[in-house]
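Going by the order they are written in, the chains are A, B, C and D; count residues from 1 in each one.
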Amino acid sequence: MYSTDAPATQDRQQRPEDRFSMTPFATLIEQYKAIFFDAYGVLKNAHGLIPGIDGTIDALIAADKPFYVLTNDASRSPDQLADSYARLGLPTITADRIVSSGMLAREYLQLKVNHGTVAYLGTDTSAHYIENADLHALPIRAVNLDDAADITALVLLDDEGFDWNTDLNKTINLLRRRNIPVIVANTDATYPVRGQQVAVAIGAVADMLERIVGKQFIRFGKPDAQLFMFAYDLLREKMPISKNEILMVGDTLKSDILGGNKFGFDTALVLTGNTPVEDVDLRIKATGIIPTYVCESAAV
Amino acid sequence: MYSTDAPATQDRQQRPEDRFSMTPFATLIEQYKAIFFDAYGVLKNAHGLIPGIDGTIDALIAADKPFYVLTNDASRSPDQLADSYARLGLPTITADRIVSSGMLAREYLQLKVNHGTVAYLGTDTSAHYIENADLHALPIRAVNLDDAADITALVLLDDEGFDWNTDLNKTINLLRRRNIPVIVANTDATYPVRGQQVAVAIGAVADMLERIVGKQFIRFGKPDAQLFMFAYDLLREKMPISKNEILMVGDTLKSDILGGNKFGFDTALVLTGNTPVEDVDLRIKATGIIPTYVCESAAV
Amino acid sequence: MYSTDAPATQDRQQRPEDRFSMTPFATLIEQYKAIFFDAYGVLKNAHGLIPGIDGTIDALIAADKPFYVLTNDASRSPDQLADSYARLGLPTITADRIVSSGMLAREYLQLKVNHGTVAYLGTDTSAHYIENADLHALPIRAVNLDDAADITALVLLDDEGFDWNTDLNKTINLLRRRNIPVIVANTDATYPVRGQQVAVAIGAVADMLERIVGKQFIRFGKPDAQLFMFAYDLLREKMPISKNEILMVGDTLKSDILGGNKFGFDTALVLTGNTPVEDVDLRIKATGIIPTYVCESAAV
Amino acid sequence: MYSTDAPATQDRQQRPEDRFSMTPFATLIEQYKAIFFDAYGVLKNAHGLIPGIDGTIDALIAADKPFYVLTNDASRSPDQLADSYARLGLPTITADRIVSSGMLAREYLQLKVNHGTVAYLGTDTSAHYIENADLHALPIRAVNLDDAADITALVLLDDEGFDWNTDLNKTINLLRRRNIPVIVANTDATYPVRGQQVAVAIGAVADMLERIVGKQFIRFGKPDAQLFMFAYDLLREKMPISKNEILMVGDTLKSDILGGNKFGFDTALVLTGNTPVEDVDLRIKATGIIPTYVCESAAV
């Protein structure tokens, strides 16, 4: 990226109606037939539920409005993710309302890799997505590089569950020996942890491994269209609905909003996660990713 | 990309059944419920129809098998593309069988940019996709940078139809003034021309402009999933069909085959276009993009 | 680049003495044994000399302090660049004080390409750097792709002097046929033209060509160290001097300041070119490129 | 990188004299006034000295020809590197003949960062380069993110010596809080380990961190010119010598050969390291990096 222009100097011909004022989320619930939510920074964060989100979910259920959680998190199965919402006080976010990048990886394995062993980097619970595709899952630490002819794919699921000091090298050496597809479920570069800190997510690791190995990996996390398509198809089985009757709500411009816009949904950027209020205008101008709305929070 | 490993040194544990032998295309027609074809290098090239393709199309029609042409070419409308097939001797490739990246750009404009003027780089015929979205299309050369408040989007459609000596600079200066979405329809980097030569396509130009401007462009050409989804949805309206009952046929690993595999289709790489026979093994190993089949040609 | 953190949220532990106050350039002239100047945005701009620069040059000559102009501009020979300064009112910027990226390209040709014909993209005057290496220079438009066995290198010198509609394709096809070194003299992505506008420079074009061709080009423009080294060596022939006794003055963080800092010079960012005063803090934090000083201008 | 052209299809107009035949290294020793050697894959590998290298070093000393080792390895001090050569049977590779990327990082710290604490990722022995610049070195694990106002720079020295599971995140969070220069000494992406395997080097990690943080890091390892310049300057203090009287010997095209060529040295690619004999032609054509000579080994 070459650009040196600070966003402040752009858009001299911006029309007043392009400036973002905060939209109360409650008004958005009324306007859309269905809502898709990102998880972290929208429904919950490192400290628990975003305040007031329970009210939002209650309102949607009361209005009989379908909603889904679209998440790049592939660390656990949908059932386990639903359990975690229940423990947070949202038992109505059931497994059937959750679409995770792991599910897209699983669908790929079912269609394209229907035999052999699938190696992975991730938590033991993330292996669900491989086992659920009727394949044998093998964590990289258990791979024997000299006896890897059975390995037919590699899936990068989560930053936890493996030893970075040993398993990244092992992954590279596996890919040097076996010409197998590499599927990246969670494509996030970082994720927020307590205090204003972040941690490296498996998406950034995947990019590093891809640069080293030189082959083309397959990516399913937002902003890729297939996660949005998966949820859209689930919805279309239930009711006739067009793309702009759906609102995608996210805290991150480059995954939730870019992907939602590109797919054709209306989008709402909330400020309870990755995008602090003081940075909104700057980032929208810097990235050129323009949400339909900006809301302080997804709480009604 | 860091990799210095020549593909020849990889895959020591490759199993014999992974080696590609040529598959006669006729056997594939029998096995799939529907076929999706890339255009250039598969159905036609700079010299006209690929020999024998008329036989393939005839066979599909005789078998009442649906087929679509999935092309990144956004230089003309589907009707005009259909006309060009008719002139080449394939009148049965009708406009309703053609899915072009321009159609995805149009859908985006209809959903997300429903007012104002849309600037574009491309041929006058490519402006169809903007006008067909009920928007006013303005070629970059006609844009007045001092009076551009009406411009609500920019679409990059084709490498022809504009003056590279003046209009690339103008495009950049427009994007420095207006914070508008930039849609890249044809994402190809190059396209083949007569004698073993290539020409720079608008996709490579888009990448250069994006690096200069520093904003995130929206891309719809293969390998992006939405082109495949558009065709898949058209098909699903006609008949129940699952992804692996569809064969995507292409000549380019990084667009047709990567995108087709990722979406869940079976894929066939043909050698009548971008991938010469002497390079197949090398490129499959170098890129890690593995077609389900390799065929000399899509001719039966 | 993944970062979504707006610079405003960083550097909470910044010490007061890290904040930039403007330094009067006159005080810097006293403190350094030699000054290196970038050209555009420092000494001159599209409208002529930066006001007061003549005073700066006079002061340097009066103090018998060596100075050099370090420029990525390879469009003309040093003599022609000196002539242009004379016409602007600075006859004391003589050819022997000018170090251009074209000179580095010439040195490379002299050492590494000592026979054959060197093709180029650039102005006819830029061909000086090839001819001055005792090689035959051939503009891309004059290349016969079917008879190019004599071509032993390609140099990318300037964005003007060739037809972008035809010569970029021709360049790519030449590189597909001949495995020859490609030297990029001017690596700038854009350059400013009248009225807040920019034009694409040959550096951005080179990056696009390199991505298409897939080979590694050789780059000599700032921030590459060799331009700084060339000037440093000229100076060291005249006087003993260490790196931090030299001040590099530039208007662009990512070329002048980054390269100057990395080489070991002290650096001064001036605000008369690419970096407007309102963006200084933002860009220094966003890029992490920190000049030793910030000055409104290089005028005393 | 877009290129899909397999090298085999290029260079139809290649002249016979461009084809590489092996050059006996002994003949090269005669032709050059000084030799610069890369370390790994040229002088030594994971198993010890490359067979016959002792003969080469003896021949150079007997001929009173200066030689230097130019290495991206910043894991230990020059004295420690010299000790390791002595243990391998080459006591004549003394510390004064070694130029490591760590020395360039040290020089930068001396010129640009002359106070405060310098954080680092690397072995305890790599901290030499910071301490040798009269600065306090602090491994990332010992950094207190809430009390980091004293930290004035970060140096990335080696892949060993820290816990990847914790210290990469810590590094990112430090850079989010402090706007400090980041110096990458060893820019290698991988390094070979026993039995055809590789390990991720700190250069690839640096690239990942840079993409996450979004700031511009400073890199000193080959192919950057400054490592070559450092050695060239040491040599020029001893004897008058021009660039093409020096031969750079390396096993890696993209660091040793690219950097050596660009700097103006003649270069010899040896096949005892990263570039196996069966891949030479392929890689030279694929990368466009063309050594002056190819030798089986640097043994005489």
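Please note the rule applied: a residue touches a chain if its C-beta (ideal position, glycine included) is under 8 Å from a C-beta of that chain, and two chains touch if they have at least 3 such contacts.
What you see is a predicted model, and the numbers here were worked out from it, not measured in a lab.
*Asks:* If you average the Cα atoms per chain, which one ends up farthest from chain A?
*Replies:* So the chain farthest away from chain A turns out to be C.
*Asks:* Over half shared or under half: which fits the residue numbers at the contact of copies chain B and chain C, same or different?
*Replies:* Comparing the two copies, chain B and chain C contact each other through largely the same residue numbers, since over half are shared.
*Asks:* Between chain B and chain C, tell me the centre distance in angstrom, where each centre is the average of that chain's C-alpha atoms.
*Replies:* The computed centroid separation for chain B versus chain C comes out at 38 Å.
*Asks:* Between chain A and chain B, what is the gap in Å from one C-alpha centre to the other?
*Replies:* Centre separation, chain A to chain B: 26 Å.
*Asks:* Among the residues of chain C, which are close enough to touch at least two other chains?
*Replies:* In chain C, residues 1-2, 5, 176, 189-190, 204, 211-212, 254, 286 touch at least two other chains, as defined above.
*Asks:* Tell me, which parts of chain B touch chain A in their complex?
*Replies:* Listed in rising order, the residues of chain B that touch chain A are 1-3, 5, 10-15, 18, 107-108, 111-112, 148-149, 175-182, 211-218, 224-226, 229, 243-244, 254, 258, 261-264, 284-290.
*Asks:* List the residues on chain C that touch chain A in their complex, please.
*Replies:* 1-2, 4-6, 8-9, 189-190, 204, 252-254, 274-276, 278-279, 282-283, 286
*Asks:* In the complex of these two chains, what residues of chain C are touching chain B?
*Replies:* 145, 163-165, 168-169, 172-173, 176, 189-190, 193, 196-200, 204-205, 207-208, 211-212
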